[in-house]
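Should a chain be cited, it is by its letter among A, B and C, assigned in written order, with residues numbered from 1 in that chain.
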């Protein structure tokens, strides 16, 4: 009864958008684009358009919610109503609440929270346009926003997902691939300490397929990390070139 | 009572774990005593109560007739909700679901959904018009660590205990007939959670271990040993080696726990 | 000690997590040590000392230190003092008894007549620890309410660069712009000049230092910039005067 669904990978091994299995979507990152926030970053990955901003450390309000020995980290992941095909209600959904938690937990280990007791560090993520893999792109941008705010960190956290479509393990799934595919494994990595700070999975994978997917995702994270450091230094490199002329 | 673990006790727990033992005498890969009771709430279509050590979770199943989602017109609907009831812990407050309750529900849901545990196509009454909706409500009654594993087990036991109505379709009207039939369950996904404490992996963390752990990793596997859901939680991290080690442990322990389930 | 591995050139830009060195080094400012490896914790320029490795941060915020001179804004009036925004994650307190130089008498003394919300003050930090907000004093010469001048903010870590070696940079700017400049350790700077354009020139110079502090040859570029601006001004004044003479003719 069901129609034969279009293949996600063709005979030449190319995906619907022409990518090879281990190819990332075209990615552009800019740091320090919001004037009011203490730190900010914007990421465009394929059709994903995501803005991350950081305020803090600042006095925690209300005071009774502050921690005596460290800063309290808060994170809000939110999708704009016009970010998806069918308008999404602006009220936070259960998915957004879960993602706010896992994103916060992916960045927490990278920050020296214990340096700033009784303060609050607030991360705000706004997804302006979504096409699969938004939690990973959000983590990548938020980590840069924290560095841009001058908050001391153990390292930058880069995130990337791998998954299975039509029996092939692929990197960086877009929305169609995630919805029609067999599995999605988002991973976040603080590479200098070999620390995996986000790991989730939905779908079905054998143990071997899972191992392959995780390793591919980690490779993707390393590529993203290179783009992060480039974006972070870009502002200063541009000024340097101009001054040395 | 405070929810902070006294530093002296924390050191004690960590030192024992370094030697491969835990405060309650368990080994690093031992579960606490598990008790599963099915059919505890007769009004529900299915129910089960799980005791994992002192953690107590009650799961109830209600079946209703409703409309399917537009993109899956031939499939029944599964919806999972979890309540961290205030009486279960001094740290639980009344009010809308906290991020912990939402995460718990969604992780349990993922395990059941992705493993295709319920044959949702068999729950279709009239395509695009009428399907059965399966409501899984997880009710935490006492929190003493590792809610995910206990809740996933309770949900699955309740589903196995569930008796669906028999029905007759008259035009667009669903008429309930006498008699019951079990819910079509194909797979039994089991969630196994490991906590990382002082660099070591311990299975089924109890409350105080959870309070001092770096992070936790939950891996849900089905009867064939395939992985169908993973969730890392907590503000620490795992190395890739630890991730794969946890996956191996999860597959093994899931087999053990699955034996404790009896089909209704 | 000399042949232990280091991985960057002196004063290269490093980002958080970059491994700066491995071995028996000491982790200095904006770095941390894990497993015998020194990593950067902020984006900045790496400095390799004999044993100490540090990073001069390009992005940072001010954490109070006892003895620092700071410039702040009064944001709130409480029962016995004022809350001061010192451009830091922590709000500072200035007690009324400190300002009045005698115990505060709530029935007789009206706080707003001394200092009001929105006032700028130069103060010194007398107390601060992890468990309490910083406390200020204005009871020393040179401290107190600011009545005129311009305020600007820079990243606090750039203050030493603005001062320059043995004060050479800041002296040069003061001289060339004929302005009085107070540098708060908290990154807030007060500029008071005879004319508005003098103050603006000083602001321009300091902004340029903030943006280009990581590039060498800064002193020359700043001196150059100030000279160019002054020449432009002279030319403008000349044109203005000439057109005035034409009008009167």
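The rule is simple: a residue touches a chain if its C-beta (ideal position, glycine included) is under 8 Å from a C-beta of that chain, and two chains touch if they have at least 3 such contacts.
Being a predicted model, the structure only gives us computed values, none of them experimental.
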Pairwise touch network: line, ring, star, complete, or other: line
Core chain by centroid distance, with centroids computed from Cα atoms only: A
Farthest chain (mean CA position) relative to subunit A: C
Separation of mean Cα positions, subunit C and subunit B [Å, integer]: 55
Subunit A-subunit B separation of Cα centroids, rounded to whole Å: 27
Averaged-CA centre spacing for the pair subunit C and subunit A, given as whole angstrom: 34
Residues of subunit A whose C-beta touches two or more other chains: 190, 193
For the subunit B and subunit A complex, residues of the former touching the latter: 74, 97, 99-100, 102-103, 105-106, 110, 113-115, 215, 217, 222, 225-240, 243-244, 247-248, 251
List of subunit C residues in touch with subunit A within their complex: 13, 15-19, 30, 32, 34, 39, 41-43, 57-61, 63, 89-91, 130-131, 155, 211-212, 214-215, 221
Residues on subunit A engaged by subunit C in the complex (per definition of touch): 38-39, 56-59, 68-69, 110, 112, 116-119, 147-150, 152-156, 190-193, 228-229, 232-233, 236-237, 239-240, 243-244
Of all residues in subunit A, those that touch subunit B in their complex: 1, 94-95, 97-98, 100-102, 105, 108-109, 185, 190, 193-207, 210-211, 214-215, 218
